[in-house]
Amino acid sequence: MKFSLVIYAAPYSTESASSALRFAKSVLEQGHELYRVFFFGDGVHNASRLAIVAQDELNLQRQWDELIVDHAIDSVVCVSSALRRGILDQAEADRHDLGQASAYESSEVAGLGQLIDAAIHSDRVINFG
Amino acid sequence: MTANTRSKSPPRSSLTFVSRSAPYGRNRANLCLDMALAAAVFEQDVSYVFMGDGVYQLLKGQEGSAIGSKTLGNALETLSLYGIENVYADQQALQERGLKKSDLLSGLQTIDNDAIAKLIDSSDTVFNL
Amino acid sequence: MSSLHTISHSQSSILLESCLRVISENDAILFIEDGVYHCCSPFVLQTIGDSIRLYGLREDMLARATLAQLDDRVEAIDNAGFVQLCCSYDKVVSWF
Amino acid sequence: MSSLHTISHSQSSILLESCLRVISENDAILFIEDGVYHCCSPFVLQTIGDSIRLYGLREDMLARATLAQLDDRVEAIDNAGFVQLCCSYDKVVSWF
Amino acid sequence: MTANTRSKSPPRSSLTFVSRSAPYGRNRANLCLDMALAAAVFEQDVSYVFMGDGVYQLLKGQEGSAIGSKTLGNALETLSLYGIENVYADQQALQERGLKKSDLLSGLQTIDNDAIAKLIDSSDTVFNL
Amino acid sequence: MKFSLVIYAAPYSTESASSALRFAKSVLEQGHELYRVFFFGDGVHNASRLAIVAQDELNLQRQWDELIVDHAIDSVVCVSSALRRGILDQAEADRHDLGQASAYESSEVAGLGQLIDAAIHSDRVINFG
């Protein structure tokens, strides 16, 4: 089946982002397809490439990045949520002279159309927030 | 044949949005509204339910500017502007909160628990926040 | 000593109930953010002991269009009044 | 159609109550995250209609040490089971 | 004089921490614990109350590793290790949740509503999350 | 009087960060002292200098920065909360080769001792979360 996930929660502050990550891995392990992962609201913080995490703790942002890259998952960060929270791709960072991108390249910064597209083309949409 | 000649419009899916948050205190009311408007742009079959504390979004005379926010009270108008007509207010929530029709934006349809249940049951996808 | 309790979520939360379990006679409650919905719910306000003074943050009530329904027991104060209340009570206990 | 409802906060929230207002006969509930505390509260589970199947996420119950108190009506499933449940029901409605 | 000879130790203030959150679902239990430990390091007069859902932190046999978290169940031990002895569990919350002494970490003192009220009333500062 | 504020909430997702900002301004307007502002947990996101906000909306992060600079307020971002959320000062960014700082220079990245110090030395500690 085709799954899409919507993540509304920032990493660390609640369990939801890590719940979503475990669920995503389980979807793939069972041979299902992940059509899209969509980070919305505070969820966009999961795409930050600036996190520094102690060795004995989970680096959730990096885990998302690795999962997305390893499985070539279509990952989208909602643009209107991301900009105001300082989650920027290189183009936005350049446009505002803010140095390097703060978002991992593995996620695309795009609009809500990508969420609706996911709802239309997936068999199941699962929300984590 | 018909499907072929219409191949440029996206497939039609029924999406129900259940908005359960009061305005301003959290930004969930905005997230929910933005998702529904995007769905309407994609010409999906959209229903919108103000449930629980979500009915507070329907109070007349809100002034978001008092706390530096955009006013959310015209959500109903916005929904209608985007062609979303299946908009409902949770009857039980209105009663429990002692909200009278005169306190609320005009043109509201109320909905009871059974009808919300049927709406959720018959939808392809439900966003609930 | 005396405490000012702030409550910032609506009646759909257990904040007020938790606060009332451990409030003292000379304390006050200030409703802020989504907590201001309490201020137009006489049924809920009845559960609060008579000795407890009740306040609601005007800015939050204006934004939400609940100022007109304000219960008689609740006094609307602005942010300046919030600061003054903090000075009048020995400490502030925030419920969120 | 049928829905799988996930509930992710404890009984201190109104999530279960809200969900039960609008649940359909053939639906199921899966308790996850802090929602798993419902699974060891027989008194609360009684309020859920008999036709509703109940599940709890094993990983979350293990973390919280509530697996031993699991009510008879609730079936513990792991994340693989969560994915399978999503396939067995026509849609998932998340309460958070 | 006494004040002078002791001028190197920080002034002593009574701080009460009310930990009302279940473990893991949100990280508030950790934040509250970290604050209290810092206060103990500063040799303040610390009291710690597990209230409401916070009493779930006291369940024996937690395994945070099941969800990639550090186990919080040894919070009590940690508090004691830092010399925090005024640690209490909310009696009403334990009863309401049907939690028996045998389910819980050992060495717990329970506290009733009146005593929590007195503790809050007599503290200089209260952190409540 | 001396006030200190503790902010646990990220900007935009809830009203709390903006409530705290309004309160802080009011404290200063009335001639009181702000001894310290402490950003904790998700609150550290208020110190991000990377936010891009539409002209007709409040840039909360910039407003905090301006208030802190204009009034020379002692502002601290909790280091353990900040690093894992990608809120870095220049020293940390350099150490991990992550380009420019993501935190405004107006806030210092430091430990929880600063919070306890604030509790000891302030007349009132107000929490927003």
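Brief remarks follow.
Going in written order, the chains are labelled A, B, C, D, E and F, and every chain counts its residues from 1.
Just so we're on the same page, contacts are C-beta pairs under 8 Å (C-beta built on N, C-alpha and C of every residue); 3 or more make two chains touch, one makes a residue touch a chain.
Remember, it's a predicted structure, so these values are computed and weren't measured experimentally.
Common partners of subunit B and subunit F, by the touch rule above, are A, C. Set against one another, B-D and B-C show the most C-beta pairs in contact at B-C.
Placing every chain at the mean of its C-alpha atoms, the farthest one from subunit E is found to be B. In a homomeric contact, the two copies may use the same or different surfaces; for subunit A and subunit F, over half of the interface residue numbers are shared, pointing to the same surface. The most distant chain from subunit D is F, comparing centres defined as mean Cα coordinates. One simple way to say how far apart two chains are is to compare their mean CA positions; for subunit D and subunit F this gives 38 Å. Our note on geometry: subunit A versus subunit E, Cα centroid distance of 35 Å, whole angstroms.
One finds 26 Å separating the Cα centroids of subunit E and subunit F.
Multi-chain contact residues, meaning those touching two or more other chains, occur in subunit A at positions 8, 12-15, 19, 22, 41, 57, 125, 127, 129. Shared interface positions of subunit D, i.e. residues touching 2 or more other chains, are given as 8, 12, 14, 33-34, 59-60, 91, 94, 96. Taken residue by residue, subunit E touches two or more other chains at 24-27, 52, 67, 69, 124-125, 128-129, whereas all remaining positions touch fewer. Within the complex formed with subunit E, the residues of subunit C that make contact are 1-3, 14, 18, 21-24, 91, 93-96.
The part of subunit E that touches subunit A in the complex is made up of residues 24-27, 67-70. Of all the residues in subunit A, the ones that touch subunit F in their complex are 10-13, 41-42, 45, 48-53, 57, 59, 61, 83-88, 92-93, 96, 98-100, 102.
Across the interface of their complex, subunit D is touched by residues 22-26, 52-53, 56, 59-67, 69, 71, 73, 97-98, 103 of subunit E. Looking at the complex, you find that subunit C touches subunit F at residues 8, 32-34, 59-60, 79-80, 82-84, 86-87, 91-92, 94, 96.
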